[in-house]
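Here come two complexes built around chain A, the first alongside chain B, the second alongside chain C.
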Partner chain A sequence: MSIPAPADILFWFFAAAAVGGAAYAVTSAHLIRSILAFGAFLTAVAGEYYLLAAEFVALVQIFVYVGGVLVLMLFALMLSTPGESQPSSLGRWSPAVGVTAVGVGAAIMIAAWHTPLPVVKEPAAGRLDHLGQALLGDHVVVFELVGVLLFAAVVTALVAVRGERR
Partner chain B sequence: MTGVVFVTSLLLALGAYGALTRRNAVAVVISLEIMMNAANLNLVAFSRLHTPELMTGQVFALLAIAVGACEAAVGLALILAVYRRYGTTDLDRINLLRG
Partner chain C sequence: MSALFTFLWGFAMGVILLSLVGGFTAGFILVERKVSARMQMRIGPVHTGPHGLLQTVADMIKLMMKEDVRPARADRVAFNLGPLLTAVPAVMSFVVLPLGAGVVARDLNVGVLYFLAVPSISVVGLVMAGWASYDNYSFLGGLRAAAQFISYEIPRTLSVVGVVVVAGTLSTVRIMEVQTIPYAVLLPVGFVVYLITSVAELNRGPFDIPEAESEIVAGFHTEYSGLRWSLFFMAEYGGMFAASAFATVLFLGGGAGPLLPGFAWFWLKTLALVFVLMWVRWTLPRFRADQLMALAWKGLLPAALINLGLAFVVLFLVR
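Our next item is the complex of A and B:
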């Protein structure tokens, strides 16, 4: 292991951006900054997808999360929080919760360290048509069910925000 | 490859910490989405590792992204409904069901 490959450098760059964005999003007392850091996190995860040979998933991540969910969160924040300052975003139990979260993360890391993982194979050529065939071939029932779920979610959201019936 | 698992477990721990400590409901939704993204990243990584030609992990990740979008939409709609009724999104002050 002499000079790291460019893909490795990019991988760790995106990993650092994702972890940093997530940490800032979770700890910042200002919700706007929290949401913007969440956007940085989402973009970094999209970069990781791209490096893991999942280009289409990276594209969908950008479209759905950065373009949809993030804007939805900004709208929800604008419509709900009336300039209310957040002196402390941490509850009384935050030390215990922190210990628990660190413990869970450390347990997974130790387990991963001790598990022998197979070597990464080279991805097959023509990945996107494989993905399309898998999505509309073997997994078409789940695909359609997710469509039904999306419809139900849209109706639920509309009913929830419709307001009082006259 | 172990690096991916390291990063995702770190992200999962961060998301769990945020979901349990944040008081604003929007911040809790953000933390949940962070955890969901960590799980998705693991799916894609292990798909690359085991059967890259079957694409099962990527298909699952795409469907999970759709489900995550549903979750965010419904969650934020509920937050707006709660805000209209109580005038706050502070989870410590929404305590009608507390005995």
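Our next item is the complex of A and C:
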């Protein structure tokens, strides 16, 4: 037996943290703890991206999800009382929701398992310019459409807030 | 064997960076006391050691000896994790900082993004600490920290994007190399926006509403004492040095300068910026929450966007 490479140890560490965090996030009845576990999951996934030599994606994951989405979620849920736990509001729909979730998850796993993924010998690390050119070249229409969508969302949010005041 | 070597090297780097941040914290707290004292026509600490130089050392020993106090109703796990989550990212941000010419723990090709992204984990720690303390003041402090961080993150990132556009690289080392004219001259608006937003992200005066002592006792760290409390300070002072060093790299040309070696210039510029941050803190009164938001969204965000536009003009003129 050879000593496992640090990358392998880290891979399994991040994988365990991601699965554990995700499992805790959906099973905990405690909202804030569940969000913090979600944060652990997001960070662990960022670690996996880094191990795949996708440093840029890893950092964007941390920047957008941990620094943005997670903080926003915490901000909103901090307005709930600590220790407050609520039963699931799904009620009689919960079996249907469970079946759908398991079905979609299984479908994704089967699809991923059967898709022949190209093995890249040399990771394209350091080729950020390729990403930029792809976004503003081949996929420029989609890129701009996403921008329009986000802009519409911001304007809608503003209108909704203004509307309440009157 | 090389795997073991990689691991040990990483470990050694971690220890070095951690000691560096600890040292900065001790040093800067003393300097801050002296600076604030001079600004208020006092002389500051003088009794411990020559000119009071050992004051923070004595304070550190005191903090380590303190009883470990935790509120009875606090959420135990989150209360313990909060300070760690605040301090660790602050130390991690040093990884990509080129401290002088060529001295860098790791030159990532996305270094600038790393420096902006990793410290953003800190605010999760602040919010966690504020919530876990089960105390109204801590709670308000945590909420304020979250609101302030989200608002100032946007103009801060935009001000840095201007530099990236002109430099054409995201590597902190490369930005220093390609910077023939300091970007503070080419992009003065971006430099000012970066400095202001950095003060806000560090929760230092005049942007210290998350810990405003005249309103909410001490904000998110009201219930903390001893070593956990000092971790918050480590995050603040470590972050202060990191933000200044990063400004030196991005806007002031890093180690470039006449006569003196690059290393000396880098530290001179960085420490000068640290002094500016202290100077601002002890000169300006604290913002109100609504003034804070108005400044971020109505002042700094448009300024950062104008800076981005200027960056493209500069890029066009230079090439």
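In this text, the second predicted complex is superposed on the first by the 113 of 166 C-alpha atoms of A that agree within 3 Å, B and C clash if a C-alpha of one lies under 4 Å from a C-alpha of the other, contacts with A are read in each partner's own complex, and residues count from 1 in each chain.
By definition in this document, a contact is a pair of C-beta atoms (placed from the backbone, for glycine too) under 8 Å apart; a residue touches a chain by one contact, two chains touch by 3 or more.
Everything numeric here is computed off the predicted structure, so don't read it as measured data.
Between chain B and chain C, B touches the greater number of residues of chain A.
Contacts of A:Leu72 after superposition on the shared chain: both chain B and chain C are touched. By the document's definition of touching, of the two partners only chain B reaches A:Ala153; chain C does not. By the document's definition of touching, neither partner reaches A:Val140: not chain B, not chain C.
Of the two partner chains placed around the shared chain by superposition, chain C is the only one that A:Ile62 touches, whereas chain B remains out of contact.
Contact with chain C, but none with chain B, is seen for A:Gly39 once the two complexes are overlaid on the shared chain.
Overlap of the chain B and chain C contact sets on chain A: residues 56, 60, 68, 72, 75.
Residues of chain B that touch chain A in their complex: 1-7, 9-18, 20-24, 26-27, 29-31, 33-34, 37, 40-41, 44-45, 47-50, 52-56, 58-59, 61-63, 65-74, 76-81, 83-84, 88-90, 92. The residues of chain A lying in touch with chain C in their complex are 3-6, 32-33, 36, 39, 43, 55-56, 59-60, 62-63, 66-68, 70-72, 74-75, 78, 82, 125-126, 128. Listed in rising order, the residues of chain A touching chain B in the complex are 11-12, 15, 18-19, 22-23, 25-27, 31, 34-35, 38, 41-42, 45, 48-49, 52-54, 56-57, 60-61, 64-65, 68-69, 72-73, 75-77, 79-81, 84, 86, 89-91, 93-94, 97-98, 100-102, 104-105, 108-109, 112-113, 117-118, 120-124, 127, 130-131, 134-135, 139, 142-143, 146, 149-150, 152-154, 156-158, 160-161, 163. Residues 3-4, 6-7, 10, 75, 77-78, 108-110, 113-114, 116-118, 120-121, 123-124, 127-128, 130-132, 134, 139, 142-143, 146-147, 149-150, 153, 170 of chain C are the ones touching chain A in the complex.
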